[in-house]
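Shared chain: chain A. Partners: chain B in the first complex, chain C in the second.
Up next, the complex of A and B:
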């Protein structure tokens, strides 16, 4: 890295900082008197008592130096006295990265202790944002942010996979409760509730999706899940990138509005709630004129309205509640989860301290995706482990996915032997279905939606000179929901493509008459057909070079015969998905 | 970079205990990693799951959706959690030699 590039990075950081100097930010920058009262509040300080670099004021001072150097008169008059300084090398930037990402989870507990009201987490997030803007961030944060930008959710879950997972949970639920009306409806317009989730639910642990669906069903709710804009999480909050924050939040809002839903219900996720409910409209620069709530409120309302009934004795274990920093400290949600928890359990013990004063799960602020800082994170988690042990609880309940993972990690590390659950798990398990609203409603027979086939409605032209191969491909693709037409050589293929404008062409290369290589070049040169995606399916892998060296855009897919049915469908589906992303980018 | 040692196995891992070089994975490594996830004895069902994860990762470069894993192995979610109590993302993926899954996990 040349020093010119470093200079440029610092210039960019300076310019962004200039735009972020709002009154609250400047207040926090100049308000600190270094009294040290924040120290007792921070789980990093408590577990690293001999390391002055763990103090919240030290972390925030990194931004103060930059601010004073460039914007504050004290830094211009006597920089040596007030510590006004800028990073000058890549090593300096890396050091800032380690402080901003590796020694603070942005939990905001220190703010409560500050007599001057300094919001250190806001300053730390701002520092993260400056660094992210010039590409200086942990690899984990970079990967996740990229997926959220490009694929539309933080775990890179493709739409078809997401829909397949919802379908699966629907099947499980319908089997469990024996009512076809329990099926999860996707993109149903005009519902009272639209429900969004954390991608971790779809990718790794969809049990919470089924649990939530069961509760909505039992309450007789009119609800739907969106096919897109379903990721309520937002790495913009963690990376400090307000643009990503706005873009991710906007996807959720737009889908909700498009479906004309009355209320956006956000599944139990602390940063997702804060990002979507509180920060998102500001990041996206839009006026909020719709309603959003945490699913904790929704479940509690059902209970109070008598739409669901629960049996508190089902769990039979002592529970404690861990307040997520984003829900309790940043968004003021402390009593509703407790009210709900008391209703579904019989032995609830508070951990101390609690509510807004609770300690961080230690996995917050994106810490779970930054392995490089895991040893420090787990050491700092001792505070949390002690809190949990003191309750004697066997189950730690929390309303945040990030906390679930942070807590599970520290429970394993400190061998506490507890389980972590969310309220949605407990409420779903405690339901007394016979007494819920769904049993009191007159039964309406709904039409069962057909399962979403991976190539549903796609028009595909199959080009191959072997009739057997054409029949095979036709059968596989039709089974996957596609409408198939056929061509037996290059000339037929071009004519069929021009006339029928299919959504995709599978193309054999070696054919009698005009071969596939020639046909491909012609298709790609004709403005009427050049945008049709082509997946080559050939028995001649050696032709790959020939076709990729043509002076036309390469084919979207290339498969060697013999192809397996599933592989073929998967490949074509991915090609469609990727085109969708490009089209929407 | 930390080194994980168990019996005759000695491999480089990240700070969360996931393999740094997934290519050097073998059955002994899997068995050794399993001990860190509370699985002391890898039976046929464990191997079925681990091998599926492994092959999927080698083919696509990412961990599969839990949906795919269950469909292909025929295990339901409950079974997956019985086999690997710390779950598919952290437990099973680690044993199969995948890098740590990205995101909030």
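Up next, the complex of A and C:
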């Protein structure tokens, strides 16, 4: 990097800073008297007592130097006295990056404890924004931001995968409650509620989607989920990029308006709630004329209105509650989660301190995406670990997906032996369905074929030369609702496929007689069989290259033996769903 | 949909996911190290398979303003034309953007393609101003379509209304 380019970057940062100098920002820049009261509030200071660079005032001073150097008269008159200074090299910019991204989770506990009202977290976010604007940011921040910009959600979940997951959760829920009306509706116009989620739910923890759907169903709610604009989280809050903040929020709002929904419900996510409910309209530059609420409020309302009933004895474990920084400190949501928690459990104990004074989970501010700072983050998590241990709780409840990850990580690191849950999990598990609103509504009888085993009615040809394997596959697939036929080698497979036109073939590769590789090429070359999806099930993973290098379309699935029963069923179900999706696209 | 005709050729503005489109080729804004990365790059890798990254690996590096072609792998598009556009408030953003677009159009002609799709290059993470991008793309593509080219249709593909509006405004003559 030439020094000219570095100079240009610093010039850009200077120009952007000039546009960000609002009254609250300037107030925080000039208001600090370095009294040190913020130090005791910061989990980084508490866990790094000998490192002055961890103090909130030191972190904010980095921006103050830039401000004083360029904009404040004291910096122009006495730069040596007030520490007015600009970064001059790439190394300086990297050092600023490590401070702004690696030593602060923007939890705002220092802000709350500042007698001068200095909002250090706002200054830190502003510094992050200046650095991001010139491409100086941790790799994880760059990756996640780009996913949200271009795919529309922080985790790069593609639309087909998102829809597939919702369908999967719908199937599970319908099977569980035995009511086809429990199916999740996508893009249904005119509903009372539109439900938006954190992409972590679609990618890693879809049970929370099913849990929320169960609660909506039990409450007899008119609700839908959007096919786009479904990510209520917003990495712009973490990266300091207000444009990303506005773009992400606007996608959610526009989808809600397009579907004419009455209320936007935001699943349990601290920064998602703050971004969508509080900051988003400002970033997007639009007047808010619609209603939004956290799902915590929605669940509590259902309870108070008698639309759902719960049994608080179901969990049977001691629980404590961790306040998300964004919910408690930035949005003032402290009592509603506790009211809900007391309703669904019998042994709730507060951690100390709590509510707006609670400590950060240490995964906030995008910290979970910045792996280079993990050792420091986990060291700072000792404060939270001590809080949890003191409660004696076996379950830590929180209303934030970020906190779930942060807490899970520190619980594992410090070997605390407890689990993390969200309120949606507890409420769904505690439901007494017989007494919920859905049971009081007049029954709508929906004609459904017998439900919905995952492979119900699918005709599957199992090809394998080992009888034991065929028997195993037949048993698993029939239990999942499939009609199974068998073939013991390649020739039999081709004949059976031509004659029976199965919906799917599971194909072993190494067989006596005509092997699976040859059989696959023939099946794919024959117009009568080439469209039958094939899932290879083989004990020879090295054949993968051979089969994918054939001059025919590749198999739809490829599994290495030994296969687990759920894994097999899930893979075949997904192949069917993907084909359906493509057929209807 | 907004359209602008250039002789018997046409520029169209549509909204959608460019990596899921059935076109001869679409343009992807790559980084110099030729790694697909996240965002559209992640979608190309997931939907297209490893063929695209494998071909880029053989390229190695791509200087700003240049373009390289790979097949689309399992994507609906036959080819992907990779450019390395301006990133993060670089000096001469407009010039670098114009050279990237010109390079992509040349690669499309070399392949004899009839339809090519452009995203608003660099206007998300890389903070290229949308109105500048719309102006440069429209002017550069318009000039190219006015000359000898295999292209019959160029699509501008906006992901959302934020991207769509400035392009629509530019294509409607700034109104």
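For the reader, a short list of remarks on this structure follows.
To be clear about the criterion, the second predicted complex is superposed on the first by the 444 of 585 C-alpha atoms of A that agree within 3 Å, B and C clash if a C-alpha of one lies under 4 Å from a C-alpha of the other, contacts with A are read in each partner's own complex, and residues count from 1 in each chain.
Quick note on the criterion: a contact is a pair of C-beta atoms (placed from the backbone, for glycine too) under 8 Å apart; a residue touches a chain by one contact, two chains touch by 3 or more.
This structure is a prediction, so every number in the text was calculated from the model and none was measured.
Once the complexes are laid over each other on chain A, chain B and chain C both fit without any clash.
In the superposition on chain A, A:151 contacts chain C only, with no contact to chain B. Touching more residues of chain A than its counterpart among chain B and chain C is B. In the superposition on chain A, A:368 contacts chain B only, with no contact to chain C. After overlaying the two complexes on the shared chain, residue contacts for A:135 are found with chain C alone; chain B is out of touch.
In the superposed model, A:8 makes contact with chain C only, not with chain B. Of the two partner chains placed around the shared chain by superposition, chain C is the only one that A:254 touches, whereas chain B remains out of contact.
Of the two partner chains placed by superposition, only chain B is touched by A:402; chain C is not. In the superposed model, A:199 lies in contact with chain B only, and not with chain C. By the touch criterion stated above, A:100 is placed in contact with neither chain B nor chain C. In the superposition on chain A, A:143 makes contact with both chain B and chain C. Per the superposed model, the minimal spacing between any CA atom of chain B and any CA atom of chain C is 5 Å.
Overlaid on A, the two complexes show chain B and chain C touching the same residues of chain A, namely 143-144, 147, 156.
On the side of chain B, the complex with chain A involves touching residues 14-16, 18, 62-63, 65-68, 70, 77, 86-90, 100-105.
Taken in their complex, chain C has these residues touching chain A: 17, 20, 37-43, 46-47, 87-91, 124-127, 159-162. Against chain B, the residues of chain A that register as touching in their complex are 140, 143-144, 147, 154-157, 161, 164-165, 168, 198-200, 202-207, 233, 366, 368-369, 371-375, 401-402, 405, 408, 412. On chain A, the positions that touch chain C within their shared complex are 5, 8-9, 12, 133-135, 142-147, 149-152, 156, 158-159, 241, 243-244, 246-247, 250-251, 254.
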